[in-house]
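In the two complexes that follow, subunit A is the common piece, with subunit B as its partner first and subunit C second.
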Partner chain A sequence: MRTENQKAWFFVLPVLGLVAFNALVPMMTVVNYSVQETFGNNQFFWEGLGWFEQILRSDRFQAALGRQFLFTLLILLIEVPLGIIVALSMPRKGFWVPVCLVLMALPMLIPWNVVGSMWNIFTLPKIGLLGYFLNDVLGINYDMTQQPLSAWITVVIMDVWHWTSLVVLLCYAGLVSIPDAYYQAAKIDGASPWSVFRYIQLPKMKTVLTIAVLLRFMDSFNIYTEPFVLTGGGPGNSTTLLSIDLVKIALGQFDLGPAAAMSLIYFAITLLVSWVFYTLMTKDDAQ
Partner chain B sequence: MKKRSLIPILYIAFLMLPIYWLVAMSFKTTNEILSGFSLFPQTFTLENYITIFTDPTWYWGYINSIAYVTINTVLSVCVALPAAYAFSRYRFLGDKQLFFWLLTNRMAPAAVFALPFFQLYSSIGLFDTYLAVALAHTLFNVPLAVWILEGFMRGIPKELDETAYVDGYSFPRFFVTIFLPNIKAGVGVAAFFCFMFSWVEMLLAKTLTAVEAKPIAAVMTRTASSAGYELGLLAAAGTLTIIPGAIVIWFVRNYIARGFAMGRV
Partner chain C sequence: MIELQDATKRVGNVIHIKPTTLTLQTGHFNVLLGATGSGKTSLIKMMAGLDPIASGKVLMDGQDVTRLNTQKRQISLVHQFFVNYPHMTVFDNIASPLRVAGMAKSEIEGRVEEAADLLQLRPMLHRRPHELSGGQQQRTALARAIAKESRAVFLDEPLANLDYKLREELREQLPDLFAGRGAVVVYATSEPEEALLLGGYTALMEDGRVTQFGPTADIYRNPENIAAARVFSDPPINVARVTVSGAQARLAGGGGWQVADMTDGEYMVAVRPHRVTPIRTSDADVELTGRVIVTELSGSDSSAHFQHGEDAWVSLAAGVHPYQVGEDHRFFMNPAHCRYFGQDGKRVA
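Take a look at the complex of A and B:
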């Protein structure tokens, strides 16, 4: 068991200093902006909670938030089951295991803007492999820059391509930790593949699945670079997710007050949903 | 058994298709790209790569990126090691709250911090340096490194520490000569993750640099917009950004599965 020792704080100090410097100072800047109005020249006027009210009531924010939730929900619904299926069908040992793992991890190590560019090149009509295949071979009218639906499908598939491997690798880690004796016992009992999954594999994957869902939720909710490079939020505003909208307001229009208020609301939603997820998924362990 | 291995094969094929297209594109001439569809490069050319390796703006982009990623990785792992040790071995006032607060920084959207970071690092005179990007990236890498290392350290029995103290080891000597070799897999995995997230993050890296420390991503976007439709060049630059990641992942291949579970299986 861990022993009580207040001197342990000294070990934590470097981390605390570094993260506090990076988190608290910018966070205070954001809080500062969120309650003030500025007309330039470094003159600020007290605005109170006005920006928060304005943001929460604006159609633009609500639309972006709706798109963001839809996006996150879609990718979780695809990536988690797909990740589990791929992990279950992977070989447990042998020459191919490291090869599979390295190939699967590869998309995650590509810079995010390159992921966007890569999918842009891949889906261009006439020129891109997918664009050519859909338009000229299958005869489906597909153009990501013109049709909102095509853009949405492309952004979702890009994320599935980019991040499903995280779920696969996490689940796989859970699966390889199951001792062979469990499977042998299940075989003797004549258990069906479904009950092996339900009563042996799924419980063993629970911890890692919690991590997977949490990480995928946080990262997909904060996604910016890939869809921005791929679609720029368009056509129209159809793929303008929360971060893209936020950067448009903050760096594009330089509306610091509303942008700061929106940042805080955004951060609060991420924290709240993560916390709810975490409590729900770890509730059984606590009891 | 045969049928089952079909799923990973199909999945990997799906992953490889866009990458193949990027690589194939990088060996094509601009003319060939624009003139229509071809599955393989017809006129195989190294022109795009030669441009990148002879133009300082291009190759300095890579050097800059590698520089701040390296600084960030070393810094993150070094400060995370003692903290993870404290979290895994001791209870102290506010430890749980502190751990959770560290993790919340992993949840903050980078877009939220872009502007304040720009102002913060400008005001302390670090704007457009490697150190600025490396420090900014510690925001999400240090919590992650602490999390991973703590998971690995919890797996080391406490008796190891106690035996070392009985044998007369001082704490620093014990930590470096006995404890570190025991968790070297964890250190490798933590370093890998820090490298990965610093290498792929672009929004902050672009916001905090202008000329001197400009990352490869910024070079790519600026070139893409100024030179018009040079898809071949863009594809070659993109292909080159995959290589460092591929090399690093090959080194940790045997720890990947456990590493992704943050030592918590």
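Take a look at the complex of A and C:
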């Protein structure tokens, strides 16, 4: 039997209010800014889709977007395989399990701006431990404040250091959930370690890997704090990723219209790529 | 043939399998019957080489395989859970051990198809495990065990996770599937009924040891001790205290009969529920009067739990009987079906 009443709405209302407050309202403000021009004094002039066109056509945006994709691609290519390898080599039971888990979790517990400062101090030539060691002991010419390549390597390594743990922990969770029976079956068949990985561990890790790739994509694509603290987007514009560029436009130049349009484009790209990833990675199960 | 010679298994300081000597032959099912945690799986893992044995020996066809790794022992194992490679088709799943063994492609195909036909899997050969029902998944695992040329096949409660109908169906097929393949078939179960249906030999297991081993029917009829009698009875066997003096047995709750060849003393008497009936079946029957506590009707059988003195008894009889819970009823038991055990649990008569 069904009772028709509208009480259910009261249970949904608080959530609706919260989501409206922290997502919908700010988002709509951004939409509002993106189609208008303002010179202050709360005076607005209709601009239509002009800002979007301007942003999409600008070399500056395209370069930042290119750098952003390169950065995300690099860290995914490094962090996902590395995370799997580390997870595979972690012990499954015994005394060392909690030790490993805590060690793995540590980098993720450090605030993002602290990570940036840490790596900044660590890698400064002459002063930083690594910077000094590379330049003055090994004789490698390394200066992330002057050379784009050094800056890129540092930003990528910093992210790998900070976030590989996430992939490791997710994969590890997937691995320990595989029943022993599967390993026994492989042992009885005489399967090689590679076959065990390819046909048992990898398929069983697929769900968590999908989540890991998605999270790492979104986080790295939206990354701001760490590279901003480490290099400030430099030298030159060489490590100016999308979010850094966005802040420069919005707060540095106070171009609210273009910044809002850029935010929306940024958001749309993140959403689109995440959706493509998700669809591709879960395609098999749907069949 | 698999032989265990004083084999033990230990994990840390805990002994999982106490010294066990057992010879399992081909040509019939060898059932390991015991409650959960009695050591059935441990024993299988020892024979399969999945767990190291602490002391003693394991021999296969006379060859000492104690230190031989699992792969070289040429065995198959079917688990309680449905274990298949998730991203391989049914065909590839069945073929995987053959491919690892380096068999020729045409022969693999022949063997896979033969096994698939036996288990009615032919239409599913190109599906993946997650597209199959539980019964089909377990049949795939069984087909893998059949296709592979094994010296021993271990079935560790393979039907436990299947629904009732499928379980009955597969259980009927199992002996035929493995007949004439020359492999030692070991079947672990916690259900006495399965042991009886599968026939062959049964090893009763309790607390990490084999308490009795022999042809299934013999063990059912002649348990060596009270533990074996309890393990191999479903519904649980009736156990009551009995005093023997001057060739006369007397139950603590009343009722007596003549016994021969027993020294005076206190014993335990065990009798299966279906030997205790609400209707007199022979002149030798002993009458027991007890207050009925619980009654159950299962199919066309009725069972009654009744209190006789301090002992709880169960009667299981064909047909529907009009029991009144809380009332006294008369039950009859033929002493010919009684088994007597001493206070140490050993069979006396």
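The definition used in the following text is that the second predicted complex is superposed on the first by the 274 of 287 C-alpha atoms of A that agree within 3 Å, B and C clash if a C-alpha of one lies under 4 Å from a C-alpha of the other, contacts with A are read in each partner's own complex, and residues count from 1 in each chain.
The working rule: contacts are C-beta pairs under 8 Å (C-beta built on N, C-alpha and C of every residue); 3 or more make two chains touch, one makes a residue touch a chain.
All figures in this text were calculated on a predicted structure; none of them were measured in a lab.
Looking only at subunit A, is it subunit B or subunit C that touches more of its residues?
Ranking subunit B and subunit C by residues of subunit A touched puts B first.
Looking at the overlay, what does A:144 touch: subunit B (first), subunit C (second), both, or neither?
A:144 sits against neither subunit B nor subunit C.
Is A:155 in contact with subunit B, with subunit C, with both, or with neither (first, second, both, neither)?
Touch partners of A:155: none, neither subunit B nor subunit C.
Touching A:111 in the superposition: subunit B (first), subunit C (second), both, neither?
Only subunit B is touched by A:111; subunit C is not.
So, A:182: does it touch subunit B (first), subunit C (second), both, or neither?
Second partner only.
Please indicate which partner A:132 is in contact with in the superposed arrangement: first for subunit B, second for subunit C, both, or neither.
After superposition on chain A, A:132 lies in contact with subunit B alone.
Considering only the touch criterion stated at the top, classify A:166 as touching first (subunit B), second (subunit C), both, or neither.
First partner only.
Shared contact residues on subunit A, subunit B side and subunit C side combined as an intersection?
On subunit A, the subunit B and subunit C contacts do not overlap at all.
How about subunit A: which of its residues touch subunit C in the complex?
Per the touch definition, subunit A meets subunit C at residues 179, 181-182, 184-185, 187-191, 195, 199-200, 202-204, 285.
Sort out for me which residues of subunit B touch subunit A in the complex.
Within the complex, subunit B contacts subunit A at residues 4-8, 11-12, 14-22, 25, 33-34, 36-37, 39, 75, 79-80, 82-83, 85-93, 95, 98, 102, 104-117, 119-120, 135-136, 138-139, 142-143, 146, 196, 199-203, 216-217, 220-221, 224, 231, 234-235, 237-238, 241-242, 245-246, 248-250, 253-254, 256-258, 260-262, 264-265.
For the complex, which residues does subunit A have touching subunit B?
Where subunit A meets subunit B, its residues are 2-9, 11-12, 14-16, 18-19, 21-23, 25-27, 29-30, 82, 85-86, 89-91, 98, 100-114, 117-119, 121-122, 126-130, 132, 136, 161, 164-166, 168-170, 172-174, 176-177, 207-208, 211, 218, 221-222, 224-225, 229, 242-243, 246-247, 250-251, 256, 259, 263, 266-267, 270-271, 274.
Provide the residue numbers of subunit C that touch subunit A in the complex, in ascending order.
45, 48, 50, 70-71, 75-77, 79, 81, 83, 85-88, 96-97, 100-101, 130
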